[in-house]
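Think of it as A, B, C, D, E and F in the order they're written, each chain with its own count starting at 1.
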Amino acid sequence: MKIVFINPVGTGEADKHMYRVINAVKRPDVEAKVIHMSQGPVHLEYHYYAHLIMDEMLRAIRKAEKDGYDAAIIGCFNDPGLREARELVTMPVLGPGETCMHVAATLGHKFSIIIGRRKDLPIMEDNLHSYGLGEKLASFRTVNFTVPQMTTEQERLHEAIEKEARKALEEDGAEVIILGCTMESGFSKELMQKLKAPVLDAVVITWKYAEMLADLYRGIGLSHSKTFDYESPPKEEGWLKE
Amino acid sequence: MKIVFINPVGTGEADKHMYRVINAVKRPDVEAKVIHMSQGPVHLEYHYYAHLIMDEMLRAIRKAEKDGYDAAIIGCFNDPGLREARELVTMPVLGPGETCMHVAATLGHKFSIIIGRRKDLPIMEDNLHSYGLGEKLASFRTVNFTVPQMTTEQERLHEAIEKEARKALEEDGAEVIILGCTMESGFSKELMQKLKAPVLDAVVITWKYAEMLADLYRGIGLSHSKTFDYESPPKEEGWLKE
Amino acid sequence: MKIVFINPVGTGEADKHMYRVINAVKRPDVEAKVIHMSQGPVHLEYHYYAHLIMDEMLRAIRKAEKDGYDAAIIGCFNDPGLREARELVTMPVLGPGETCMHVAATLGHKFSIIIGRRKDLPIMEDNLHSYGLGEKLASFRTVNFTVPQMTTEQERLHEAIEKEARKALEEDGAEVIILGCTMESGFSKELMQKLKAPVLDAVVITWKYAEMLADLYRGIGLSHSKTFDYESPPKEEGWLKE
Amino acid sequence: MKIVFINPVGTGEADKHMYRVINAVKRPDVEAKVIHMSQGPVHLEYHYYAHLIMDEMLRAIRKAEKDGYDAAIIGCFNDPGLREARELVTMPVLGPGETCMHVAATLGHKFSIIIGRRKDLPIMEDNLHSYGLGEKLASFRTVNFTVPQMTTEQERLHEAIEKEARKALEEDGAEVIILGCTMESGFSKELMQKLKAPVLDAVVITWKYAEMLADLYRGIGLSHSKTFDYESPPKEEGWLKE
Amino acid sequence: MKIVFINPVGTGEADKHMYRVINAVKRPDVEAKVIHMSQGPVHLEYHYYAHLIMDEMLRAIRKAEKDGYDAAIIGCFNDPGLREARELVTMPVLGPGETCMHVAATLGHKFSIIIGRRKDLPIMEDNLHSYGLGEKLASFRTVNFTVPQMTTEQERLHEAIEKEARKALEEDGAEVIILGCTMESGFSKELMQKLKAPVLDAVVITWKYAEMLADLYRGIGLSHSKTFDYESPPKEEGWLKE
Amino acid sequence: MKIVFINPVGTGEADKHMYRVINAVKRPDVEAKVIHMSQGPVHLEYHYYAHLIMDEMLRAIRKAEKDGYDAAIIGCFNDPGLREARELVTMPVLGPGETCMHVAATLGHKFSIIIGRRKDLPIMEDNLHSYGLGEKLASFRTVNFTVPQMTTEQERLHEAIEKEARKALEEDGAEVIILGCTMESGFSKELMQKLKAPVLDAVVITWKYAEMLADLYRGIGLSHSKTFDYESPPKEEGWLKE
């Protein structure tokens, strides 16, 4: 089986990092591929930026399906293009936001999400409600890092995340911590040992969930519903050519 | 003052119709402009189709602001690109879905939305919740018309809408009816007289609300918040060139 | 067109102030009339006080309709008598609470409401839920001014409002500020410039919304639903004489 | 101990009926008094009618407190004037709507409310949400009787109620039935035996709850909170004279 | 009439205390019986501990019904075994959590619950939502006392409760205080005088509510619904022997 | 890795069936063990019956952890004892109700749950809300089969399920179907092909999710939170002996 993880940004700088995080947890029988966009912004902190990479990303997901991939992951916690992608292909397409929030809900009473900037909160909160999980949120907590800062100041980032995660557990009633940005990945095991509470790494969790769905897709044909919301555009209308 | 109404589809067929609907209700001191996309699908019943027209639509909204328009209307009840557009400009940008749901809530206890196909319901329901209005919904009711059918079979459409609207009032507890597609416009006055209940024409209501916001924008500087959700991308990142 | 703004208190002291606020934003083709009650409390901070002015207020609204007014505004953010008034007349009747909360929801992700005393919060919160907008509230914030203090200590009031509004934006996640008392009116433009965020003046916003509804009422006959909640008492029962 | 039950209508026709219903369930050590208004409508199906009796009703409640009553019941399921009354007195004041909904919630998973006319539903639904019990509602069901019809056609009323109650249990998932009008009282015991499910008579349940609160009021001083919502108007403002 | 109050713990240490609290408020015509378990933990702070006493507790409730009791109270605020018990008997069975939350909702706009340890919060919050009262909660506040500490350090406990209750009223918007542990009983009258706000003693309130339900059960046959949720297991399946 | 699936009933009749269902989907590197209780009811349709098997089931889960199992599944859709079990062990413990509802939410806009008897609905609905997923439910639909009937009348059961699932998709707006009883397992693949919509087999989905969590538990130490809700009882209190 093979799964593609898409860094939906116009830079390959984080690809190696993602390979490292995925390889540390992936099943030996699953092949990992990490890709990025050929152009576009290096982060998706603005809704408009998500639009700018959308075309190439959707094309990449359709190509992955044709190339025999078993599942695709949109590597941004805001889950941009999730609906569009699921409309276009049959295989499972996952977003870290949706996946992590649901997995967190099965591990404890309430979760907190540690995000980069306050700017991201409204779209995430709307997603949280669309996913039906408003009642499970303890809090959003912000570390005030832009995505570029996250890359260059990893140590300071980890300290800031640990600090906010502790507050979430002690003041907000969280029982589970979600690291709400794929750039906050690669250190959840250590953090978990420090905090003595579950910490969900968006890359790790989404990858493992993708493995599970890929199994179910190939094994019994289970994938996203094509009834209503993700119904594919009819070929004869001509917009699916390539 | 001047307001632009965007038909976000790759055809100008409905432009005249929209002019007629708008001219029947607009204030004499406001200038109306209706535009359409130079290419793309002729309807937005698929999330992917909304993506296909997004780039040209966002460009058109930015251009309208530069050309001195006082407000812009995205003429599709699903409100595609509302977040992106508000990030990019300062003037008010309106979507008929958001506008009509809020106005309906001020006119009666619960509203029903008459939509074309069941396919549209999930995105509209998610929008309804994002707009915070889940409690005010009496029901969605579907007429089972595609957008192209709406254009060519107006009489049959009006009958179907009247039938579903009556059921909404009598069986679902609706007090207000929203016509949940801009192609269901131009006959709300007649329908209102038949049903003896408020009927919101998506084009009419959004236009009048846009006049109000344009007044407030030019009069006292009120527009969408630039705190958090609609914060504009910084010029120096270079993605707003043109 | 002409619209009546009712100060539902037994004093005319604030009438001039309201004329000033309204005249600064009203359309030239709309005539403004401000009235007050001939007797009763000078503020409505108690539910009982709202009862004390109710009779004269409802009479005034019915009279306004007979005198050809196109809409009426109940000038208290608690929206006292809104249901009763809509039952009695056909023209639009607006309350600042309902109007501002819905308009705020179209301008940003969440809003905060700056109120006078904590005493007002429960009724406003119940209204918020009746209007279906519980999810859009960031916070209520209190300035601890009685209504009479608001009148005599305007400068101190403005400072207190600015302070609480800043906290709402910075600590509570508000993107839009509502000034939740008609006596907090007349300085939203200045406040907006200081805060760099939308500030809704209850008098201004309700007035502009009333202009819009009056247009729609005269133009196409749109007003509050008479189905169920606002159904008028039958003449033959004899309680509508006069 | 003595409790007053107020028929908030301008007729004493139902007083005897209420005495009969109350006497069948009251504790021997509690004295029952039933009163009505000296004028006003004979039913409260319109919000305006509730306003018309409000003044005399509030006066009666204040007088009851002075006369040493231990609790008062506002005998209309819409709970008109509950907030105002609690502001004016210290003893417990109860409304059948609030009381029955909470008691029903302690007797089964969901309840249905059988009401007279669809007109009453919006205010009751808003009350339901204000009381915080939206999740416990299985359904409202309407018998299409005006209050005057309820009085004159008791047998047909009982049949209609039984029929709708059965539907609520079999189709809507109700486990408990609330008779949502004080004029639907006096036959819950028989109905309970037929339906084999709990049926809450608004007069019976509110009376027994009033006995409980009166005990707690006289025994340990417990009554409605005077913090915030029910804070009494200050004497010195002069509106509580009599 | 006679009502049994069950201390669902393996110690009789608190029985006298409960008798004292109940005797101070009970009606003279009602007989009180307090019992405890013959073995098991001395507190129920863990879900597993509630399981450990369940068998004996359910047996005791069935025995009480056979012995002619009119109602039973499960004396733990977490309401363990409430569903099971209601399935097994016909008489009213009450839990302090459910009872106090509903009574609190009839006494003020929002309530706060003062609990022993943060550990108890998730189960109580789930119960709160099952009871349908999520909207009425102002806050949970924790005193950080284990149940054994509550018994031995009464004075320090009372001080801690008073302190948290004050914060709930002043900072969280509570209008009513619930003492969310049966071991926090016996001093609500004094606390009420200090706080000048309603304070619900879990033992007192549940007892009085039980008196009311016992009256209704014996008087007109009202008790928990046997439709769906509390339907009793059929005798012929053989698990109700004894 | 090895995972134990517990049939929490006093019969081994369904064990072979469960092995067959699990073996058809399990990863080759995971060992499956199915166990049942040595005594107790043969179904858990009553809350009391769930209590009757609880002690042996919790003991079995603790033993499994000691024997080196990597995860345990409580094989009943009502998820009895989930909280207690998670308190007692460190490895992941899963219930099919919680697991399937969350997975369903990631596969489509709304799901319907096909259950055996209406009796089960209240506890499942409360669980649904505890899991935070109330907004994602399209409907519960009942086939009116007892668990014993499910075993003996498989063909008729499958027809009934298919019929209700179709109604859920066509009338209730479901996009995903959950088979809400572990005895409704073993034919989801066929049903999926007939319905052309995702169908979640409670045994299949919970098993695959358990494989995922077991991986994460052994790989990086992730499991249920021990903060607050699932905190283990302290050894020194002596109730965890054995």
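Going forward, a residue touches a chain if its C-beta (ideal position, glycine included) is under 8 Å from a C-beta of that chain, and two chains touch if they have at least 3 such contacts.
Note that the coordinates shown come from a computational prediction; the quantities given were computed from them, not determined experimentally.
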Mutual neighbours - chains that touch chain A and chain D alike: B, C, E, F
Fraction-based call for chain F against chain D, same above half, different below: different
Relative to chain A, chain with the most remote C-alpha centre: D
Cα-centroid distance, chain A relative to chain F, in whole angstrom: 27
Distance from the mean Cα position of chain F to that of chain E, given in whole angstrom: 31
Between chain B and chain D, centroid-to-centroid distance (C-alpha), Å: 44
Of all residues in chain F, the ones touching two or more other chains: 109, 118, 121-122, 126, 129, 134-135, 173, 175, 228-229
All touching chain pairs, where touch follows the definition stated at the start: A-B, A-C, A-E, A-F, B-C, B-D, B-F, C-D, C-E, D-E, D-F, E-F
Chain D contact footprint on chain B (complex, rising order): 109-110, 135, 173, 175
Chain C contact footprint on chain B (complex, rising order): 24-25, 27, 94, 98-99, 102-103, 105-109, 129, 131-136, 169, 173-176, 188-189, 192-193, 196-200, 204-205, 208-209, 211-212, 215-216, 219-230
For the chain F and chain E complex, residues of the former touching the latter: 41, 46-49, 51-52, 54-55, 58, 81, 83-84, 87-88, 118-119, 121-123, 126, 129-130, 228-229, 231-233, 237, 239
Residues on chain E engaged by chain A in the complex (per definition of touch): 118, 121-122, 125-126, 129, 134
